[in-house]
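Scrolling down, you'll hit the structures one after another.
Shared chain: chain A. Partners: chain B in the first complex, chain C in the second.
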Partner chain A sequence: MARRYLPVAAFAGLIVAIQLATFFTGTAYHLTQLTMTAYYSLVTVGLCMLIGYAGQISLGHAGFFAIGGYVTAFLTTCNLKLHPGVLVSVLEKSGLLVARSDAYGGSLLTVHPWPACGVAILLAVVIAYLVGGPVLKLKGHYLAMATLGFGIIVYRMVLGTEFLGSADGISDVPGFPLLSGMLITGNSSARVSNYYLAWGLVILGMVLLLNLIHSRVGRALAAVHGAEDAAGAMGIPTARYKLNTFVLSAVFAALAGVLLTHYNGGIGPSEAGVMKSVRYVAIVAIGGMANLWGALSMSLVLNYLSLRGYFGTYDDAVFGVILILIMLFAPDGLLRRHILSDLKRAVSRNPAEEEAS
Partner chain B sequence: MTLLSVRGISKRFGGLQAVSDLSFDVAAGSIKALIGPNGAGKTTIFNLISGFLPPDCGEIVFGGAEIHGMSSCEVAARGMVRTFQHIRLFPKMTVLENIMVGRHIHSRAGFLAGMLNLPFTWGEERRIREKSFEIMELLGIGAHAGTEAISLAYGQQRVVEVGRALACEPKLLLLDEPAAGLNMRETNEMGRLISRIREMGVTVLLVEHDMSLVMKISDEVVVVSYGEKIAEDRPLAIQKNREVIRVYLGDDA
Partner chain C sequence: MLGGMTAVTLSRFVPLPLAILAAVVITTIVGAIIEIVFIRWLHKPSVLRMVIITIGLSILIRETALHIWGESVRALPYFTGTSVSSINLAGVYISSQILWVVGIGALVVAALGAFFNLTMLGRQMRACSANRDAARLCGIDAGNMVTLSFMVSAAIGALGGCIICPITYVQYDSGTPLAIKGFTVAILGGLGNSTAAVGAGMILGILESFSIWVLPTAYKEAISIAILLIILFVKPSGIFGSAEAARLKEF
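Then we have the complex of A and B:
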């Protein structure tokens, strides 16, 4: 139990250390990209659960991220004053709407971010069940292609839908108010609190996933991954477990989409793009597939570098190259969990043992 | 009392009639063997009974309920658990973890309970662990609890697979060639283990090629050839059955 949470505490320490470092070096502006990195990391660790532990690939998770982001962006910016009706007045009376003014002083009546977030997550769950049900019957390349198809559909739909802003996306999304009076927003005055909030959510997500992989369900998922027919013969409902994990990872992606959209104040179709999905998979792969900490640390480093523009115009290409190199030379990821035991074995190996085997 | 009743099941793969109109019963508390030459359809019969394949026609009744058409996982939940001809242990998992998976149907922590690490799961996990250790001690593999299961010697992997099935506390255990790939000493141990499993109150149906093992431990033997039953009797009578001798040794024997 303690062994499970010790790395969590260490990671929390790292997050605090990074913030202190930016504070003392006067580089607090880095926290903006680091906060965005946190939300992308939420997608990555959820996807890591699906790929690494349940053994199912998805090349469409940017689609779930976009569903979350676009739904909340649309609902919190669509001015319902322009569409009066019975439904609007009922919603207004039940307190689900909020009145505010836009950048030009015009008055707006929109859905409050909390119910918008609820709708976004709910829609992601429903779509994940509808898509995952039939698609997860496929294996290997076929599953990869089917999920890729799903991602492309979402991308083309947001690109081609006028009320979702087509190629421009949706902007002027308000901040997301929390109970404590805090606001999820990109304003530089709220930089530090947003940094801690975002990484706090990642840590919470990590605790939930770490608990899961050490539970009865985690064991069953490992069994499904290792030998699906034998898992079925042990009474594990393999299809349902795969589907539940798919939906769980979709919820992580959609929640990240919702919160990052409020943080950035908008969302564009590039967030739904196929290259984003490839990027998430590449990070899970370089982290070592069945390694939540590997996925998280690689996400922290690579997303940060990417968002700071270190990869320049080759941004997407870098992640493609990473995926190819990892598959060729280190299919177990850069941060293999077995490195230590491999070293120990190499050191302790003696000729007599070698002969015996 | 009949635990399993197979009534007129058939299965066709394209042009091959793998199983045709096969019927037999397995009495509760007995050891029954299913034998036949290579390609006779024994493993297909196992797949049909355990829900891995749906039969084209016929009925399978287990513990009083019709189970044909159920999935393998539903069949397992009803208390019929199988092993595989080619060992199917879970890779990257220890012997203990492999056996703990066998406790799946006797525990209930789901996704939410697992993620939230709810208190009721702690006791459940402890009981899963205790029961698994109990089974490992029974089978004499307790010393390997922390070893990756697929790194064990072949004979021990078979024992782990049987242990994993026993962890399900099945009413009926289907063993698909439990002695395949074992040496003579290991085969004898496997025979003793199967007898002990029966003494624990578990009914056993096995497919096996090792005739001396089959004759030694079985109460009854079913012989199949080209998907059809050609004999069903006690081991001694089977050994003298002319038809059985003919399919095994040819017409001139």
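Then we have the complex of A and C:
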């Protein structure tokens, strides 16, 4: 038990250390990118669960991210004062709406972020169930193409829909109020608290997933990944486990989409793009497929570098190269859990081979 | 995309037919190099691994094209006539380039059919697709066949890019949607059946064009992918493919 939470504590220590380092070196502006990294990491660990543990690939997770982000962005910016009706007044009476003023002093009546978030997650769950059911019956390149197709459909929908802002996306999304007056917002005065909030959420998600992996569900998924037919023969409902993992990872992506949208104050169609989905898969691949900590640490490093603009115009190319190299030379992922024992075996095997030749 | 872009660049220096020929040859060589460098030496790669590698490659090619050619949209000139001239065909006015596209498309399909059914090389390739190990036992070099199939499909893709780009234009990112559409058509027609693929392509094209009657134009792309998903869910063997043959393949 203690062993399982040791890395969690170490990671929490790292997060605090990074914050302190930026504080003492006066580079607190890095925390903004690091907070965004945290939300992207949430998608990555969810996807890692799906790819690494359930053995199903998804090249459409940016779609779920965008569904979460766009639903909450639309609901919290659509001015319901312009659309009076019975439904609006019922919603207002039940306290689900909130009145605020926009940047020009006009008054707005919009859905409160909490119910908006609820609707977003619910929609993601419903879509994940609808899409996941038939899609997860497919294997190999059919599965990859079907999920890729799903991602592109979402991208085209948000790009072509006028009330979702078309190519401009949605901006002026308000902050996400939490208990005790905290606000998820990109405002620089709330930078430190938001940084801890985001990473705290990631750690919470990690604990949830780690417990899931070490439970009955996790063992069943490992069996499905190892040999699906054998697992089915042992009485494991393979289809249901795969579907539930798919939905779980979709919820992670949608939640990340919701919160990052409130943090950034807006969302654009590029968040739904194919490149984003490929990027998540690349990070999971380099992190070691079935290695949540690997995926998380790689996501921290790569997303941060990418968001800070270190890759310049080669941003997408970098992730393409990573994906190719990993798949060519280490198809099981780079940071495997047994990497040390693998290295030992490789070292001990080499002299023997030389003797033989 | 690569074919179209190369042809556009070359057509500034050499006559159009020569530019297209050179573009096809260059793209074919690129296809061969990609296969030899990235795929060939892998030991029994899983399908998923190859898919991810090719997706990575398509990103790389796209980014390379972006850095070479920039973001501007380009086009080849019309092969005959101009963009406004048209030919009266039994009372219907159509652009001459459309005739080129249809004609060359028909030629390629006929050539492919002859290649797969009449030549030794084509039969060897089909044998490899049906059963790699058995083909190898009969003395066919399966590795070379994969390289060759990469080259053939790259050449056809490049030719397609050249003949269509006077109408549709070409830019650095016009490859990916076409790849998806190509995959949709291949699935729709049943994999490994080039004649059925033409029929499927026509059905898809007509459905997509007519969809703008009921849905906004911006959703056009989504339509073809939605069709892909429906086909995969309902009848993964394709509408013209036999379910029996599909059972032998892995879905």
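To be clear about the criterion, the second predicted complex is superposed on the first by the 342 of 357 C-alpha atoms of A that agree within 3 Å, B and C clash if a C-alpha of one lies under 4 Å from a C-alpha of the other, contacts with A are read in each partner's own complex, and residues count from 1 in each chain.
The criterion applied here is as follows: a contact is a pair of C-beta atoms (placed from the backbone, for glycine too) under 8 Å apart; a residue touches a chain by one contact, two chains touch by 3 or more.
Keep in mind that what you see is a predicted model, and the values were worked out from it rather than measured.
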Chain A as common anchor, with chain B and chain C clashing or fitting: fit
First (chain B), second (chain C), both or neither touched by A:244: first
Vertex chain A angle, Cα centres of chain C and chain B, expressed to the nearest 10 degrees: 80
Partner chain in contact with A:6 - chain B first, chain C second, else both or neither: neither
Partner touching more residues of chain A, whether chain B or chain C: C
Which superposed partner A:230 touches (first chain B, second chain C, both, neither): first
Which superposed partner A:130 touches (first chain B, second chain C, both, neither): neither
Chain B versus chain C as contact partner of A:14, first or second or both or neither: neither
Chain B versus chain C as contact partner of A:142, first or second or both or neither: second
Touching partner for A:275 - first (chain B), second (chain C), both, neither: second
Chain B versus chain C as contact partner of A:313, first or second or both or neither: second
Overlay on shared chain A, then closest C-alpha pair between chain B and chain C (Å): 8
Shared contact residues on chain A - chain B and chain C: none
Chain B - residues contacting chain A, complex: 50, 52, 71-73, 76-77, 81-82, 84, 88-93, 97, 100-102, 104-105, 107, 109-111, 113-117, 121, 124-125, 128, 164, 168
Chain A to chain B touching residues, read off their complex: 208-209, 211-212, 215-220, 222-223, 226-227, 229-238, 244, 248, 290
Chain C-facing residues of chain A, complex: 57, 59, 134-135, 137-146, 148-150, 152-153, 156-157, 159-161, 166, 274-275, 278, 281-282, 285, 313-314, 316-317, 319-321, 323-324, 327-328, 331
Chain C to chain A touching residues, read off their complex: 38, 42, 45-53, 55-57, 59-60, 62-64, 66-67, 176-177, 180, 183, 187, 216-219, 221-222, 225-226, 228-229, 232-233, 236, 250-251
